[in-house]
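Pasting the structures in now, so scroll down.
What follows is subunit A paired twice: with subunit B in the first complex and subunit C in the second.
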Partner chain A sequence: MSQLGQVAGILGKLNNEYQTTTPKKLKLIDAYLVYVLLTGIVQFAYCLLVGTFPFNSFLSGFISTVGCFILGASLRIQLNKANQSTFNVSPERAFADFVFAHVILHLVVVNFIG
Partner chain B sequence: MARLFIFAVGLLLFASVWSSSLNVDGSSKRLLVLLDNLGLRESHSFYFKQLKDRGYSITFKTSDDSSLQIVKYGEYLYDHVIVFAPSTKEFGGRLDAEVLTQFVDAGGNVLVAGSNTVGDVIREFASECGIEFADDKSAVVDHLNYDLSDDGQHTLIVASPNNLLSSELIVGQAKKNNLPFLFRGTGMSSDPENPLLLDYPATVGKRTLLISVLQARNNARVGFVGSLDFFSNDFFLSAAQPNNGKKSDKSGNQDLAVALTDWLFKQRGVLRSRNIHHYLKSDKSTPRFYTVKNDIVFNVQFDEFVHGKWMPFNGTDVQLEFVRIDPFVRTTLANKGGQLEAQFRVPDTYGIFKFVIDYNRVGYSHLYSATQVSVHPLLHTEYERFITSAYPYYISTFSMMAGAFLLSFLVLYHRDDLPKKKAE
Partner chain C sequence: MAAKVTTNQSSIKDDSELTANDPELQTNVSSKKRLSSSSNMLATSSLISPTGLTSLISFIVLTCAYISGFMSRLFSVIRFESIIHEFDPWFNYRSTAYMTENGFYNFLNWFDELAWYPLGRIVGGTIYPGLMVTSGVIHWFLHMINIPIHIREICVFLAPFFSGLTALATYLFTKELWSRRAGLFAAAFIAIAPGYSSRSVAGSYDNEGIAIFALMFTYFLWIRSVKTGSVFWSSCTALSYFYMVSAWGGYVFIINLIPVHVFVLIVLRRYSLRLYVSYSIFYILGLILSMQIPFVGFQPVRTSEHMLAAGVFALLQAYAFIDYLYTKIPRAADIKQLFFGLIMIVGLIVFAAVVVLTYAGYIAPWSGRFYSLWDTNYAKIHIPIIASVSEHQPTTWTSFFFDLHLLICLFPVGAWFCIKELTDERVFIVLYAVFASYFAGVMIRLMLTLTPCVCVLAAIALSKTLDYYADTETSDMSTSPVVPTNDGDGDDTESDKNNRNLYDKAGKPKPIPGRRGTPGTNPEAEEDTSIVSSNIKTVVVICIAMMLMLFAVHCTWVTSNAYSSPSIVLASYNNDGSRYIIDDFREAYYWLRKNTPERARVMSWWDYGYQIAGMGNRTVLVDNNTWNNSHIALVGKAMSSNETEAYKIMTMLDVDYVLVIFGGMIGYSGDDINKFLWMVRIAEGEHPKDIREQDYFTENGEFRVDRTGSPVLLNCLMYKLCYYRFGELQTDFRSPPGFDRTRHVEIGNKNFDLQHVEEAYTTEHWIVRIYKVKKLANRLQAKNALRQVQRRKSIYSTTKKVAGQARKQGVILNKPQIKKGTKISKRKT
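Right, the complex of A and B next:
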């Protein structure tokens, strides 16, 4: 019981730290990532319910959410100043990568969705 | 016991069908009549006159005539043969049981009459057809249904038309007229294990057949009547006086004999099909190939040979099958004055299909027609463009794109509220 209390305490502290120390831009990206995650979960649940009939459509929709999540996450990593030591790229470069990769991703997704 | 008079129709298994160019319809009428002695021409003159009136060109010959031949230089000289020579041991000339069997193989029709003595060659031909005559010097005896003018042995029997096969094509109006028949002769039996035999008699005592007819796979017809006297003038004209029934002024022999001969020699019960068309229901065109799930219409014209002419056939039970090894569709064709038509939807399977009509009914010739068509699967542009059940996926994909687009604006133009301003 006390362990549960400990976990709750840790989570509360995590949340607190997050709210105070994270820059707003990164919080926006985090919100976007949550949205993408939810869309992915909804799609997967729909496929489980209805069946895999147009399997290519399901795959392309799901991969689009997964891809967007990954690209958003990598943008966040690269824009976080705390990571400057390992990821030494300028924000412009990070953004350019983000856009370029998105273009390719959506091209492929729309082609595969049928 | 009452049921002695039985018609049996069976299909024969001939090993090979030779050129069946003989007798496709009843228009050819060369008839050869083989007699025991030429005196039969007078004693059976009514019957032969009826045949002559119907347009047959008859050749009379005795069965041991040494110039007898039915095939010359590979072509048959006659279309039909009547054998009124039951006591023949061997035919003269170039005729024997094998030649007669080949004649039937090629499409010729034969009528054979038996009597108390049946010769070897007749027995041989009959056994080729699956019929076995009773032993020599035996006669069909019916102690319950004999005619009053019988000589005491009860061999002259009166048979009731109730035992006839109910096929108007074969027996004509005989069943309707309800006149009894006079019969004196021998009986036959046929193979009881033949699965194609109709009207199998119910008990062993009734296995005696007095008249039997067969239609072979190539539609040639062979008839065996156990009594030569059945066709005689005496029997045609005399009254039938059964010991246990009422007297009738005329026996039904003449009607039955003539009707039977008509059927045997292809004047009745012959079918043909022509004008097979199949097309799409929507625009009545016949494409080079059909596609899965098309609606198609099939029609064919059926004719029946009646009284010397081809008339439209009016049966309503002709079935059409759409077969690719197994039938996928089986429908009944609707009959509009001889024009049979059916509509159906091509199944959801592609491949090579055949329109098969296989019409096999008692008294009619067997009609089989198969027309081959190919059915293609849908082209990739013929599928529906957007699948309804995939709309969630379409929506989510575009929402991802919109979200990423918005995010990029935010990332570019967001300004932190911290003193350290980030340019753009």
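Right, the complex of A and C next:
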């Protein structure tokens, strides 16, 4: 029971710290990431229920969500001031790279969706 | 001094390029001052700035590497002509020609009726199109700017062209790993190393020619993205990986080595956010890009070979998430335990999931080609076709030295240096070395993947050695206190530079600032290094230079003698040294092209399928693609059975012509009789009741074609087709007629006749023999050879002999009695 209490306490602390310390820009990106995650889960559940018939379409859509999630997470990491020492990219450069990768991703997704 | 420093701020920024982008070095301002001070002296003494000189030398060395790599691959073009070599390149050439004539979409959807006679081949879905597309693009571009080069020339010279680009990619890769100087060495090594040039001579138009370039370029981009953590470089890595997937089936090596690198970095506690960003983006973009190639299809999510990448991806996501949470929580010791426990659990879950899915059938197990790398006996028992290819045999010790000469000796030294001064990217090269060494030991063909790694590590070893020994100026400094430098590679600068400025001799050429370096990691050694005087250092440098010259000579010799044969044109040398060309293959294929009906089907062993289809333009039954083992086994059975049985198979397969290669007249050892046992084994695999390998050996277990050979062998179709009329031929007055020069025996079954085939064409040196399959005879041969005529009994002779009645001469027997006045009675007979 104390374990559960401990875990609950940790989660509460996490939540508190998250709400207070993260800047608004990063929270926006986090909301976007949650949305993309939900889309991915919905697609996967649909595939499990209905079957994989146009497998390339399913793969294309699912990988699109995973790709958007990864790219959003990378953007968040690069914009985070705390990580300034590991990456030395300006926010504009980070966003430009984000757009570049997205262009490639969506071109391939549209080609693969069939 | 200070004034000079401030005026040289720009050169400081340029000089940072020289020290391999190492961020820690930029904080070492004091060393920069010394760098700039001496470089300033150079700047004022000559017109060329040190960075300019460095760039110029790099450019010149790389250009020389490109040119020498290109030139050393041109031996066969100079000696013979610009022709496509061997077997596989003929198919690639035919596909490329098809693409340039019919356009890209028709090429992707091409169904080839000329191959695998009754079945055909879906070319678009069973090849890696990168090679053809590359040649096609170059062809289109050149024609667009009105340089009309024929597609054959582009195909022949594509591999040497790309070998120069491989040298560039290796330079960039090594520059990321170590330093620019090591990069130049690596570029020079890979340009001429026989291990690589063996598969990329002019005329060898095969996937490996461009695949090694794509491999090194992908690895360079991967290392770049791990070092910077940039999304841009990761996306470029994914695009280069896409090019590699389109080029060669060996892309599996990349998609397994990079996850192993990530996993080992995690295990070594070197996880960083840069790693997360670079691997995640590379994996996702690379995954969906690789599935665009029709031949690869859905394999990246369905086969075991790709599961390691997916597993590491999942593990990395979990690790990053837990690491993020960990940063949010104030530090606590037990949380750390929880953290690692969680990671282990996630890893185990991922692994278990992959195993369960494999057993459930959702994920295909390792395919035969890759499983045989792990279990080397597997192919010999289960897939004899894979085992029969000569390139798939295990590597001998001598071939390591033959293909790599000096580099294989320097290779462990370089690996040791990388381990000693370990960074994230050097973990990669060490892993590459370990795995490539294993694979090169398993199969000769995979020496090719070992060669770039060996070149890089040997270059590192040599560069580090020469950093010390080629620097003959700091040798007489002894007492200056050592400033321990904090960078790992040989690019350090020393407090000795201070003394150097005082001791400079007038007129002595300054070394390039980048090349200055002494091993700064070991303070005790500093005092010892003063013992080695500049004379000894010069001697060592001269010895190393001589070894490198020997290396260059060896590489050129090996490329010229061993790897430049076009195999479609043979050359032998007469007693006076003049060259004698044996062009039988092309003679035979051209005869086929001109003298047979257009839809004729040719049966031969699968080695020659691509050449017959490419040069003869006729339909073949089996070719080098070897995708249908049963079909090949049928052909093998036809070749191994006696003529009547073989005729049944040939009529079933609807064959018009049979082609065999026979080397007995001139001593050519690559002929079908030498390959015959593989035909038997492959046929036995599918038809074990009809064909038994033991039948073809003598009682002692030898394979002989002379009188002591087994009768099954002496009567099989292959034997008869090869040795038809050979018994009449006496090649040399010292040997009996029918003496096989390849097997060095007199053949056992001579002067036989062929029943169901007839000889159509035999080339000048009897190397290629073509037979036409006769249709069924109209009339079956009667049982009795002579006609028996049924005669009626003659009235003048009786079969009965009247007892006792003597046959007197002149007596007429049974003379009719004539009674005057009565009618003659009717004859009773």
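Everything that follows uses one rule, which is that the second predicted complex is superposed on the first by the 114 of 114 C-alpha atoms of A that agree within 3 Å, B and C clash if a C-alpha of one lies under 4 Å from a C-alpha of the other, contacts with A are read in each partner's own complex, and residues count from 1 in each chain.
As a working rule, a contact is a pair of C-beta atoms (placed from the backbone, for glycine too) under 8 Å apart; a residue touches a chain by one contact, two chains touch by 3 or more.
Note that the structure is predicted; figures quoted are calculated from it, not measured.
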item: Subunit B versus subunit C as contact partner of A:A73, first or second or both or neither; value: second
item: Touching partner for A:E17 - first (subunit B), second (subunit C), both, neither; value: second
item: Touching partner for A:T65 - first (subunit B), second (subunit C), both, neither; value: first
item: Which of subunit B and subunit C A:F53 touches, first, second, both or neither; value: first
item: Which of subunit B and subunit C A:N111 touches, first, second, both or neither; value: second
item: Subunit B versus subunit C as contact partner of A:F98, first or second or both or neither; value: both
item: Touching partner for A:N83 - first (subunit B), second (subunit C), both, neither; value: second
item: Subunit B versus subunit C as contact partner of A:V42, first or second or both or neither; value: first
item: Subunit B/subunit C common contact set on subunit A; value: 60, 71, 75, 98, 109
item: Complex contact set, residues of subunit A against subunit C; value: 10, 13-14, 17-18, 21, 55-56, 59-60, 63, 66-67, 70-71, 73-75, 77-78, 82-83, 86-87, 89, 94, 96-98, 100-101, 104-105, 108-109, 111-112
item: Residue numbers on subunit B that touch subunit A, as the complex places them; value: 387, 389-390, 392-394, 396-397, 399-401, 403-404, 407-408, 410-412, 414, 416-418, 422
item: Complex contacts: residues of subunit C adjacent to subunit A; value: 228-232, 234-235, 238-239, 272-274, 276-277, 280-281, 284-285, 287-289, 291-292, 298, 301, 320, 325, 327-329
item: Residues of subunit A touching subunit B in the complex; value: 23-25, 28-29, 32, 35-36, 39, 42-43, 46, 50, 53-54, 57-58, 60-62, 64-65, 68, 71-72, 75, 79, 91, 95, 98-99, 102, 106, 109-110, 113-114
